[in-house]
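Beneath this line is the structure, given in structure tokens, with notes to follow.
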Amino acid sequence: MDDLYRELIIERNRSPHFRGELEPNDYTFQDENPLCGDNIRIDVRTDDAGFITEAAFSGHGCAISQASSDLLIESVIGKSVEDVKKMTKEDVLDLLGIELGPVRLKCALLPLKVIKAGLYGMGEATDTL
Amino acid sequence: MDDLYRELIIERNRSPHFRGELEPNDYTFQDENPLCGDNIRIDVRTDDAGFITEAAFSGHGCAISQASSDLLIESVIGKSVEDVKKMTKEDVLDLLGIELGPVRLKCALLPLKVIKAGLYGMGEATDTL
Amino acid sequence: MKDCKQFTGDFDTLKAEFPTLWRKVSSGADLVYLDSAATSQKPDCVLQAMDEYYRLSNANIHRGIHTLAEEATAAYENARKRIAAFIGAASSKEVVFTRNATEAINLIAYSWGRKNLNAGDIVVLSEMEHHANLVPWQILAEERDIRLEFIPVTAEGLLDMESYQEILALEPKLVSFTHMSNVLGTINPAKEIISQAKAAGAVTLLDAAQSLPHFPVDVADLDADFLAFSGHKMCGPTGVGVLYGREALLRDMPPFLGGGDMIRKVYLRSFVSNELPYKFEAGTGAIAEVIGLGAAVDFLSGIGMDNVDAHGREITQYAMQVLDELPWLHILGPGADKRGGVVAFTLDGVHPHDVAQILDWDGVAVRAGHHCAMPLHERFSVPATTRASFYIYNSHNDVDVLVESLRKVKKMLG
Amino acid sequence: MKDCKQFTGDFDTLKAEFPTLWRKVSSGADLVYLDSAATSQKPDCVLQAMDEYYRLSNANIHRGIHTLAEEATAAYENARKRIAAFIGAASSKEVVFTRNATEAINLIAYSWGRKNLNAGDIVVLSEMEHHANLVPWQILAEERDIRLEFIPVTAEGLLDMESYQEILALEPKLVSFTHMSNVLGTINPAKEIISQAKAAGAVTLLDAAQSLPHFPVDVADLDADFLAFSGHKMCGPTGVGVLYGREALLRDMPPFLGGGDMIRKVYLRSFVSNELPYKFEAGTGAIAEVIGLGAAVDFLSGIGMDNVDAHGREITQYAMQVLDELPWLHILGPGADKRGGVVAFTLDGVHPHDVAQILDWDGVAVRAGHHCAMPLHERFSVPATTRASFYIYNSHNDVDVLVESLRKVKKMLG
């Protein structure tokens, strides 16, 4: 547990750096984890070259999904849309620095699912990351 | 097994005394044991006072159901229709003089089911003897 | 068969019968199992009954003549008789085995529903239903254009019986509702609801998945037409549930699944259905599981459902009392006098998933989420709750460990 | 988990793994189990796998966060993966758990069938189908006015492939047939039948209830769209079966049973289905049974399905040879080279029920009746047959005991 709720996660859950909504935006997507009802929306702004200049998340969820959202957004700002599309489960787990069981994994990965679905312009987020 | 296939049953299966069909008849009914496909028809003739004067069975089935049919018919001839309606499972088992597991019990009781259904004028034989 | 030890009247000794309860969780803490509303633990005698079937009498049933087949058939049908007696059914013909309560409800929706419900007909449910008693009717509503009406849930977490009267005035064809909410714990006045439904001309289906494990449920006394429950929530195995149906109703219903055992005769292009209850049991049944459920029913009868009930009430009352002392914790649903052994709550500022995770660290197994009752959570404007549920093997000490651990959660994340 | 002993290549030692096979029947004779086509016996390791789940990790799955729920979920989903690999499925999303093969076929009839079949559409079956692959289509035919066509069975007991071509010319929507007959033993040329069906534009469903336990079955190689089988016939427990479906087809199908787990979201009046395979698994699944089936698949893989096949062929050949020497015994179906380990026969002048009963006295467990294939028996103008079926634990000696006992039957009743 000490692993799971390390200081960084507790901190980012309590005081996220990137909470909010961006209107207008270039990409936006929202999805839910049907297992728990965690609901995350991510808005993204990009420059003409396809680099992410701003991003923010809203919605509600557990500490893991909140911290994961905040850390993910921090990591994608400045990256190209194409690079973010290539991000994997491992990238997110590296950001969090923890190991997770299958159920909580879904919490941690929800923001990645959401941002990728937004960037790909999908109708629905899928579990195939 | 020696119990189950005692001489009487083997004998009555091999050479039944009451095999055949009666046309015309006063009562007739036919039914099947869905578990095994045993199929028994019993025809009955009665006198004006409601006593059974003649009866016969046809169809096919295992030694137990054949012997049971033959012995049952032997026992009902001379009885009143009302008395036969009251016959029970135990009466049949007494005739056969054996004990039976649940599956073979259905074989033994098929003729009783058929004759009672015929006498009651039912559309379908039931398992509630 | 190895019998469960005879019940001494002392619930503290019962825990010994449940092998799972003696383990530790991944953190090394002792397990405190407070998730029985999801599935109960199984006593040794239930596992032994299944093992004995598999190791001694394993055979397919009904059609077999050989020794094993006869033994297996007898064990299976004997279990059906004891289960029928346990719920007060008039005959074992009224007990149909399904996979779970969910399939039992679906069977009614598919067979009874498709025969008896037409466009515009009304089916009454409630806002506190488990998805198992919502989705089958939604599928049917979409297909047949029937109307669904919902008995509202009051702020206290009770069914709004006044609104129910208004709905009954619409002359519904079916009233299908849960005997006990798996979230609020609310025990609904089933007898009253059923008798009013009957007076209005409706058929009734009682979802007893949560009630049957916890207190005496008698279909004759309740006068229910249909009743559904699952084995796995009442000390029985997974893979088996029961649909009870009044014989006259079952008799009039068309078959649901087709295949072996549910037929009397089969031709290439038609078939004749078998008699009850086999008409509704297609293919090889859950033989070992039915035998296991029979043992579970014996086990519960051995304790006595009145005792099970009393113990459940006592522990729920204690839990409500100590949880009420935590100002940052909010319990959904009514007071202890109106509920069974289920307590769902929210914590200020902490998501239920985090609660469950940290509790697990202390060995406390609770459930977090919507507990398959999303509309009910919507009704109370919470996306998810944490749920502790109690059963015969739980003690005051388990509640104390829960409270201690909740304090820790609050300190850490709240 | 206690592993089954590693297979040594010697089938004689396999019997040691099956506890049931060491008992005596009611007469006192040693059991000779020749009824595996009805249900197979279970090896110790399968029973242990289930027991271990119940005694250590018993919890409801998918929604739980606590240690037990995570362990149970992992064990369940891991079993799904191994079962998917065992049948050559592209993904475990294509493996849907049902109660048995019968429910799997019904699921297709209800979900795929009601979506895709309309009045006048043709479904092709065969005359050698088990009731499980007849009745669901008869129910649908009645409801939707679809037409059923049957591939005839030749006097030898094979599918008449010429007639099949004529039926395909009618452009059927579905061809659903058994891979191996549970009466004739016939192994049908599934690959050929499927490729011809596809060429004619039909979807295909293979009933693998008898084939999968006996020889390698690979859905990719067969190119089957759907495949159904039961755990209990392949060393697994009762209460679990599998529907394999091609992902694209499953995706397009509406849900069948409604309830927990098969949903993504539920509102009072509507729901959103969950992703595959959960969309088709409503309510609490047969958790222990799926874990047991996973262990069964490991057990069979440990032996090697090629070895299982070779042993089955060898023993069937021997049985056919010695039974052929009895002039008053008549075997239904083709020669040993075209069949799996099933031999059904009639005895001159003796009813199959009596055969089975007297054989039981000698410890020999066989089945008598129509074996859930009444139309096939009608085809061969016999009301019932006696069936001996063989599996991995049977030996030449078992066949010899059978033959000895049959002679006795003939002498006694013939």
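Order of writing sets the labels: A, B, C and D. Residues in every chain begin at 1.
Note that in this section contacts are C-beta pairs under 8 Å (C-beta built on N, C-alpha and C of every residue); 3 or more make two chains touch, one makes a residue touch a chain.
Given the structure is predicted, the values throughout are model-derived calculations rather than measurements.
Engineer: Is the C-beta contact count larger for B-D or for B-C?
Structural biologist: Per the contact counts, B-D leads.
Engineer: Just give me the whole-number Å value for how far the CA centre of chain A lies from that of chain B.
Structural biologist: Centres of chain A and chain B (C-alpha means) sit 77 Å apart.
Engineer: Find the geometric centre of each of chain B and chain D from their Cα atoms only, then give the gap between the two centres in Å, rounded to an integer.
Structural biologist: Averaging C-alpha atoms per chain gives centres 37 Å apart.
Engineer: State, to the nearest whole Å, the distance from the C-alpha centre of chain B to the C-alpha centre of chain C.
Structural biologist: From the centre of chain B to the centre of chain C is 46 Å.
Engineer: Report the inter-centroid distance (CA atoms only) between chain C and chain D in whole Å.
Structural biologist: 31
Engineer: Taking each residue of chain A in turn, which ones touch at least two of the other chains?
Structural biologist: Residues 35, 104.
Engineer: Which chain D residues reach two or more other chains?
Structural biologist: Those would be 27, 63-65, 69, 263, 265, 353, 357, 360, 368-369, 374.
Engineer: When you draw the chains as points and link the ones that touch, which shape shows up: line, ring, star, complete, or other?
Structural biologist: other
Engineer: Under the touch definition given earlier, write down the residues of chain B that touch chain D in their complex.
Structural biologist: Spelled out, the residues of chain B in touch with chain D are 1, 4-5, 10, 13-14, 35-39, 60-64, 104, 107.
Engineer: Which residues of chain D touch chain C in the complex?
Structural biologist: Checking each residue of chain D against chain C gives 19-20, 23, 25-27, 31, 33, 35, 38-39, 41-42, 47, 50-51, 54-60, 63-69, 99-103, 105-106, 109-110, 127, 130-132, 134-139, 141, 148, 150, 230, 232, 237-241, 255, 257-263, 265-271, 282-289, 353, 356-357, 359-360, 364-369, 371-372, 374-375, 378.
Engineer: Taking the complex as given, what residues does chain C use to touch chain B?
Structural biologist: Of all residues in chain C, those touching chain B are 62-65, 69-70, 73-74, 77, 263-265, 274-275.
Engineer: Could you please specify the touching residues of chain D with respect to chain B in the complex?
Structural biologist: 27, 350-354, 357-358, 360-361, 368-370, 374, 377, 383-384, 412-413
Engineer: Can you tell me which positions in chain B touch chain C when the two form their complex?
Structural biologist: Residue positions touching the partner: 32, 34-35, 101-104, 126-127.
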